[in-house]
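In the two complexes below, chain A is the common chain; its partner is chain B in one and chain C in the other.
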Partner chain A sequence: MVVKHSKKSMTGNDAAAFAALYAQPKVISAYPITPQTTIIEKLSQYVDEGKLDAEFIIVESEHSALAGCMGAAWSGVRTFTATSSQGLLYMAENVFWSGYGRLPIVMPVVNRCLAPGWSIYQDLQDSMAFRDAGWIQIYTKNNQEVFDTILQGFKISEDKNIALPYMPCLDGFVISHTTAQVALPTAEDSFNFVGEYSDPVIEVDTENPWIYGGLVDPEKFIKDRTDLMEAMERAKKKIVDMNKEFGEYFGRTHGNGLIEIYGDDVADLTIVSMGTIADEAQDAVDKLKEEGLSVNEMRVRTFRPFPEEDIVEFAKKNHKLLVIDRSVSFGHAGQLQIEIEAVLQRNKVDTSVEGRIMGLGGEDVPYTKIVAAAKEALRSKM
Partner chain B sequence: MIEVIQISRGGSGGVTGAKILAEAAIMYEGLYAQAIPKYGSERRGAAVQAYVRFDNKPIRIHSPVYEANHALILDLSLLDRIDISTVDKDGVIIVNSKEIPESLKNSGRKVAYVDATGISQDLGLVLSGFTLVNMTMLGAFVKGTDIISIENLEKAIISFWGEKRAPKNVAAAKRAYEETKVVIA
Partner chain C sequence: MKVTQKDLLNIPKKALLKGHFACAGCGSTLAFRHAIGAIADKVILIVPASCASVYQGGGKGAAFNVPTINTAFAASDAVASGVRRAMKMKGKDDLKIVIWGGDGSGADIGIATEIGACDRQEDILHIIYSNNVYGNTGGQRSGDTMIGAKTATTPYGNTTPRKMVPFIMIANNARYVATASSGYIEDLVSKVKKAVSMTGFKLIQIDAPCPPNWKSDSADTVKIAQLAVKTGIWPLFEWDRETNLIEISRPSKKYEDITNRVNVTEWTKLQGRLKTITEDQLKSLEADTERQWNFIRKFM
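Then we have the complex of A and B:
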């Protein structure tokens, strides 16, 4: 039985705020930054109106915003914040601390460029800079997926077997400030799905005090890092299972949770990308097919943990991948391309890979540009 | 898919108008829709673009509208900022103007025009010196095109503004709907 939904018209940030509201976090600790601000504005309004029974901690910086969430997570309560761009950078120390410290925190990043070149528009440079921080990272493609992904996030992050902070990413403005339809379940059904955070990953016990984050020898240190690596491995299955469980309850899924395939199973060219570019690429696939060209698409939804097995399985059936990155690892290539090449190499898959950097600094990437890039990639294959 | 490009001056309510148009389509017409504000220079008085898409299936495009079916111009002095040649030749140019704008005369284009500034000022829709022509021009849009009914626009306006603030806004849209002239220029 799928629960009832009502059709709503809202921005991506509104969808994020609804998901957080319905999950009923006990602590929100946040600092405003464009284009994230309207998420926490809405949440502070919900708290003020009494719709959300949470402690809203107003802080002086993003570093403190995440520190507030870390304190809440250590206290064993559900916690939420959101940020973007320079704000995420300012948080950096605590982003790594909460990742390596295995703290369940849900923090959407509304993707925005990094300065200089001051810009409020979208690219993925900000969240990509934190791919090694021990956070689960999921890149969403539309307003509906933002709601769904955040709701799922609490259940994934707060699972004792996982215990990892969770970063749903949404393209600034293109999702965050764009109004579109969202099928909204009721607050009750949403909360029933997420459930109470009743069995905390970690909880301060004043009767039984302990020290956290003290000096450790290499042996203990390596054990912690190995645990983290294993938790990331387990998170892959958890994300797939959560996608199924969510589908049974709400009646929709997002690919298999890790990746989403669009079009034929085998094609001459596979477009690979993330976020809204990947959504727009589906229109590109249709246009190319109309012209008699054989192109399909693989959207990488989960970037951390990196879905090696799923990517390899699909890539090895196909002939050539065109990987579109909206960020760059300077001195190398786009991060998605680098990682895809690595997993293909490791698995001895000889599908060729061509990389393109598109959409930096909020540059529009309409399907027409994707069509043109795909045609070039098809030609260079001949 | 039907795509609309809108241009307005910051402070006149264009971004809100685009949002309400999408809401009317989604909530009351059973369509899929999208309202994209083009942020960046959204200062008061500056030219602000927004884009609206309507479709009967989910919309996967996220980029701005390049080739619109219709153009919605909230301020006559911004008409020349829109390259009308990119707008579908069978589409409608909906413009806030007392008469057919000079540049569109004998163009063969379908033009819907109304004195939205006059109507809004009559109804007292002025905020900090800016005349709010957004709801008025939505009435003109509904008259000039065939996507959203005036009844459903009214519902969306009431839902957005609430019972208290809605009446003036509904009145503006309805009056514009009645007074808009649709002609082949």
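Then we have the complex of A and C:
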């Protein structure tokens, strides 16, 4: 039975704040940065008005924002923060510490480009720089998915078999500050779905003293990192299962949780992308189909763990991939393209790949640009 | 809150077990054994990158007998804040959240985080054991290095005055601020017990001689620490927000009067790091010591 929803108009950041409110974290530790700020402003308001029974730590930096959450996670309580861009970079060592330390923390990143060249607009350069930090990374395409992804995040991150921090990513402004319709379940139903965090993956205890993050020899170090790799592998299944479980409860899913296919199963060209560009690409697919061209789309929703099997399976059936990145690994190529090519190569799939960089620094990417790029790709020999 | 030698033996449990990795004559572990031992049943320890992240040992042979969370260099006060708030939500207000770190984190890289926690009046105690140097990395100058001291990055002697962290915390309206010494353990323990009985941000800075970096005999640790007090170099005091007064602690009382102080060379001659101290540097060191005392006198 699917629970009741009410249709509400809200920004992506409002949707994020609702999801956090409904999951009832016990400690929120946060610092302002555009375009994330309105998430934590809302939450501080909920706490001050007594709608959310939580401690809100108004810290002096992002480094401390995440450190506060880490302290809460070590203490075995549900915890939440959010950040963007330079803020994410400033908390860098704690991002890695919480990933490699297996701390369950949910932290949306509202994607914004990196300086220099001051700009507050969106690209994925910030979160992409943290793909190796041991966090689950999910790229959302609209306000509804932001709400759903954050709510799922607590259950995934706090699962003892997973115990990984969780980073839902949403494009700055295009999602964060744009009002759209969201089907909002009740607070009760939402919390029933998430549940209490009653069996913590870690909990500092005076009765049974333990040392967290102390000296290790290479043997133990390698074991810990191997465990982390295996947890990432388990997280793939968990994300798929969570997508189904969420679907049964709330009546909607997001692809299979890892990737989302749009259009025909087989086409002459497949557009591959993430975030809001992937949403826009769906309009491009429709437009191209009207013109009699054979184009479909694969949206990579989960970037970490990287859904190798799902991508390979779909790529095998298709001829050409046009990968659109909204970030660059300077000296190489767009990160999504690099990773797609790697899994195709590893699995001996001879589908050809062409990469395009679009939308850096908040450059608008309407479907018309994607249509033009697709037509070029269809003409090229590859 | 007077503490006697007998009280030092009467502790809830040992905080430091056999097999720690500290150097012989370590002033920091001596202070740890007693300061943390006195509150060992109720403490959660937060340790930033420091000698303490090494001398705690590791794995099953770990020497710290209290729950310990290791953090990044500048993160400890914020992690401690998170632990404190979480414990509040869990109704465990009786636990003492204590940071045990060196002057590298406490006076330099972590000071913004520390002032942040103080500004928020977080209910935590930050203990800085000051060996006046980045001890773990091979003895480089820190913000708390003495004038004249040779370090790996001041091979001809440090020329700039110490960053006075206790005064910074007084200015930022901490709940309680004190200095202490590995040479006066009863005084140290009484300050730690007093600090954890108060709600709010507390800071205690301990003079902790470091034989390898101070180039001193490991048998002289207590003697050197005591001489730092007797020469006036390391004034022992307490400040309480409620009175806004500094009280000179008993071991230091006599030495407020400059004429009672032991000649500073009695202290420098025991330390290789200060063997090459120049006349000018010695004068600056004495002037800086007076600067400290003059600050203290304003609150007396």
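Everything below uses one rule, namely that the second predicted complex is superposed on the first by the 381 of 382 C-alpha atoms of A that agree within 3 Å, B and C clash if a C-alpha of one lies under 4 Å from a C-alpha of the other, contacts with A are read in each partner's own complex, and residues count from 1 in each chain.
The rule is simple: contacts are C-beta pairs under 8 Å (C-beta built on N, C-alpha and C of every residue); 3 or more make two chains touch, one makes a residue touch a chain.
The shown structure was predicted, so the numbers you read here are calculated from the model rather than taken from an experiment.
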Superposed partners chain B and chain C on chain A - clash or fit: fit
Touching partner for A:367 - first (chain B), second (chain C), both, neither: first
Chain B versus chain C as contact partner of A:1, first or second or both or neither: neither
Chain B versus chain C as contact partner of A:97, first or second or both or neither: second
Degrees between the directions from chain A toward chain B and toward chain C, using C-alpha centres, nearest 10: 110
First (chain B), second (chain C), both or neither touched by A:279: first
First (chain B), second (chain C), both or neither touched by A:74: second
If touched residues of chain A are counted for chain B and for chain C, the larger one: C
Smallest separation in angstrom, by C-alpha atoms, between chain B and chain C in the superposition: 31
On chain A, positions contacted by chain B and by chain C: none
Residue ranges of chain C in contact with chain A within the complex: 41-44, 46, 53-54, 56-59, 62, 64-72, 74-75, 77-90, 95, 112-113, 115-116, 119-120
Chain A residues within the chain B interface of the complex: 7-9, 35, 120-121, 142, 171, 173-175, 177-181, 276, 279-280, 282-283, 364-368
Chain A - residues contacting chain C, complex: 26-27, 29, 53-55, 57-61, 63-65, 67-77, 79, 93-94, 97, 204-206, 208-217, 220
Complex contact set, residues of chain B against chain A: 18-19, 22-23, 26-27, 32-37, 39-40, 59-64, 66
